[in-house]
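Both of the next two complexes hold chain A, though its partner changes from chain B to chain C.
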Partner chain A sequence: MIETVISTLLSGIVLGALYALMASGLSMIWTTLGVFNFTHGALMMIGAFMAWTVSEAIGLGIYAGLVAGIGATALLGVIIEYMVIRPFHGRANMILITVMTTLAVMIILEKSAQMIWGPRLKQLPRLIEGDVSIFGAVISAHEALIVVLAPVILIALWVFATRTMVGRSLRAVGQNQDAAALLGINVPLTFAIAFGLGAALAGLTGVLLGGIRFVTPNLGVEPIIKAMTVVIFGGLGSLGATVGAAFVIGFAEAFLILVVGLYWTPFALFIGLILVLIFRPNGLFGRA
Partner chain B sequence: MTRFLDVQNVTAGYGSVTVLRGISLHVDKGENVGLFGPNGHGKTTLMRVLSGLMRASEGTCWFNGQDISRTRTPQIVERGLVQSQQGNTLFGDMGVAETLEMAAFSKSARRKAEANLHYVYTLFPRLAERKTQLAKTLSGGERQMLSIGAALMCAPRLLMLDEPTLGLSPRLKEELAQALKEISMNVPLIVVEQDVELLLSLSDRLYLIEHGEVTREIGEENTPDQREIMHMYFGEHAE
Partner chain C sequence: MRPYILPMLAAVLLALVPLVVEDSYTRHLFIVAFVYAIIASNWDLSLGYAGLFNFGHLGFFATGVYTAAIAAKTLAITPWLAMPLGGVTAALAALLIAAPVARLRGIYVVLVTFAFAQLMLQLILSQSHITGGAGGMVGIPGLEIGEYRFIRDRKLGYYHVSLGLLVLSTIHLLFLTKSSFGRSLLALRDNEDYARARGVSIARQRVMALVLSAVFPGVAGGFFAIYLRVAAPEVLGFGTLSLALSMVLIGGSASIFGPILAAIALTFATEAMAGIRGMEEARFVVVAIGMVLVLRFAPGGMIRIMDGGGKR
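Moving on to the complex of A and B:
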């Protein structure tokens, strides 16, 4: 009994850490540009495939693969922003247009991945081999690494956003573009930085995810839905709210799998999401 | 005489609506200039054009001998032409100190950041008392102070203030007017205001802007009296 509880809690922590990483990139792009980036899941998938190519196909090892995956997605993010976001900057219906353009890019990326890497399942090596036993429950060292890495990265993001000039300028642009420009901030450049950084976070998450799940062109589909759920559930906006929501959903999911089973879990989660939004329209941790 | 700022025949508008109709005005080195006139006649639009937030469809703006009509806003700020917008809350979720520190964004401003921060806090002690408070929790007057303070952090060589006393209580207005006078001794100002008396006390010359044009220029030699000001605002028959 105790063991079941502990392993459910552990699996909740792992899921929460993963969701927090997924959602942080999405949240960064949303708060800075006001754009919901539907390519986020596809970028995770590209990150995983790039890591696989460098690590397995070329044979340079998973750490080189990790760097390649993050680098490739960051670059791709900057290109995506330049090609399908920037042209519509300042339009009254920018949010709707970019929903369409990022959805289009998502499909293009998935089909391209299918053409380049084929439909066969690929597996990424784990960043750390072996298992870790905690109070009798066992998780892989790779999952333990995710649990440790997530807070480190999230704290680094928080320090970046609040203590550095570039991070502050990102927040300033997110809150008031004209006023930011009038202080000498280059608004288009901050857009590129935010999108590149958000994409890099997607790439990192993709590589981490590739060590747990099979890498396929559809790798990012379920995660993007989860990340969106987390961001909306937490209340669009602050990083803290997103992280909080990620762990709430992570634990809820682990618990629901135990109680109602894997099949009904997404259903139960969405019922919960709808209920929360009915009673707290600004999200669980959102402010009015 | 060197023209510090020279606006020549500038036309600009939003979509099909023309707001500025070939407006021309200038600021000489070392003088403060006031702009007044009815709402919706182009004062704020002129500020937006000068800051590069909007483009003039015709005409040229010169600042310090350089054509800035096609220059981007960050470069205009870097050159020292800085604006504090009308009724601006700046960044609601940022603290006072954080906003001011960040406002010294350009390289030239960064070098003077420490001295300027000290200057802003001396000028507006209320801001110094509220360093960690978020901008959205400030009162209207304090937001105005923060907005002007942030503009000062950009190390301006010419500071444009759009209706700095809009909606303030008489007491706060007096406090702010005092600070503006102090600023004008260090940095030349272009001030947009409805209160002509305040403008007269701050500036060397005034322009009346109506229908997107300068319809009157007021210098020391033709200072208007109360009746004339009423006429300018409400037409010849207002009494």
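Moving on to the complex of A and C:
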């Protein structure tokens, strides 16, 4: 009994950390640009494939792959922002238009990946080999690394957003673009930075994910749905709300798998989500 | 009546097409195009007219597909009844999803409706003892009257059933958009505060827009399952989603006829591309690029370019 509880809690922590990583980039782009980036999952997939190419196909090792994956997605993010976000900036229905354009880019990335890398399953090496045992429950060292890494990255993101000039200008643009521009902030550059950074976070998450799951052109589909669930649940307001919601969902999922089984868990989560939205339309931690 | 002469003429011409087009593959493409046209034009009612950021419309279509498949195959209900049953369950699904959507705004509507379609997919995949899972359901009974099977005479019967559904669906949509209900949707979309001040209930109109736009995609889904005799989870994939969405956008949102024309054009275009070696996947890329280009350079869609000018 106690072992079941510990292993459930542990898998809840692992899931929560993963979901926090998946959703933080999404949430950041939303708060600065007001764009819901549907390419986020596809960028994770591209990050994993780039890492695979550098690490396995070329043979430079997983750490070179990690750098390549993050670098490639950051660059891709800046390109995406330039091509399909910037032209629509300032239009009245920008939210809806960018949902559609990023959805289109998601299709382009997925189908391109299928044509470039083929449908065969690929696997990324883990960043650390071996297992870790905590109170008798065992997780892989790679998963443990994710649990440790997630808060470090999120705190770094928070410090960046609140303590650095660039980070503050991101938030200023998110709050009031005109005032930010008047203060001399380069708004277009800020947009590019925000999108590049969000994409880089997606790339990093993708490389980490590639050590747990098979890398396929569909790798990003489930994460983007999960990240969406997290941001609906938490409300798209702040990084804190997103992280909180990620862990709530992670624990809820681990617990639900135990109670209602793997198959009914998504359904139960969705019902919970609908209930939260009916009573709190701005999310669990959102403000009106 | 005058603006409808052209569409009526088009419907008559389409009814005469089988006299000229004899091969069953081209007729099959027409049937698929009509089904897509129903999805796209009804989606346009909620997305274009009501301005509701609804991305779950294929969920309603899939509800129809699986309702008809389960009703006709597992429960042995006659396919003639199984098809409209798809419309009923799709409307019920829309009612369910409308409950939260009626209160939400902007991006949250996108997220909830999108999540709904994905949940449908997961449900279909996980309940494989009912739905056949990833492999889908096969051997669904087809349409027949007495001894006459509709697949005979090179799909002639199915052609006319699908065209009939498209005509009915289009009349339904025209009736709705020209009614005071349709005008109240436009009012809510274009000036919400003013519409509310005039006594239009935003929650009620949204629920109605969603439910009324789900009925025909549900029936079309039922037809699709009966016609293909297969129900597969691919109907909820991103490929289908982007194709249907691009029909609404490329055709021109809030125009009904635009998405119908785009559905027919794009079905034939993507099918032609699928025939070229190496284009099986690339055709979705082409469609997606087309979608971005239309949003960028012709936000009103093709129908407004043909009308001359971007006015609504």
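Everything below uses one rule, namely that the second predicted complex is superposed on the first by the 288 of 288 C-alpha atoms of A that agree within 3 Å, B and C clash if a C-alpha of one lies under 4 Å from a C-alpha of the other, contacts with A are read in each partner's own complex, and residues count from 1 in each chain.
Keep this in mind: a contact is a pair of C-beta atoms (placed from the backbone, for glycine too) under 8 Å apart; a residue touches a chain by one contact, two chains touch by 3 or more.
Since we're looking at a predicted model, the values are computed, not measured.
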Contacts of A:Met100 with chain B and chain C, given as first, second, both or neither: second
Partner chain(s) touched by A:Ile6 [first = chain B, second = chain C, both, neither]: neither
Contact breadth on chain A, by residue count: chain C or chain B: C
Which superposed partner A:Ile278 touches (first chain B, second chain C, both, neither): second
Chain B versus chain C as contact partner of A:Ile108, first or second or both or neither: second
Partner chain in contact with A:Leu183 - chain B first, chain C second, else both or neither: first
Which superposed partner A:Ala172 touches (first chain B, second chain C, both, neither): first
Residue numbers on chain C that touch chain A, as the complex places them: 53, 55, 99-100, 103-108, 110-112, 114-116, 118-119, 122-123, 126-127, 238-239, 241-242, 245-246, 249, 281-282, 284-285, 287-289, 291-292, 295-296, 299
For the chain B and chain A complex, residues of the former touching the latter: 51-53, 72-74, 77-78, 82-85, 88-94, 98, 101-103, 105-106, 109, 150-151, 153-154
In the complex with chain B, residue positions of chain A that touch it: 162, 165, 168-169, 171-172, 175-176, 178-186
Chain A to chain C touching residues, read off their complex: 30, 36, 83-84, 87-88, 95-97, 99-101, 103-108, 110-112, 114-115, 221, 225, 228-229, 231-232, 236, 262-264, 266-267, 270, 273-274, 277-278, 281
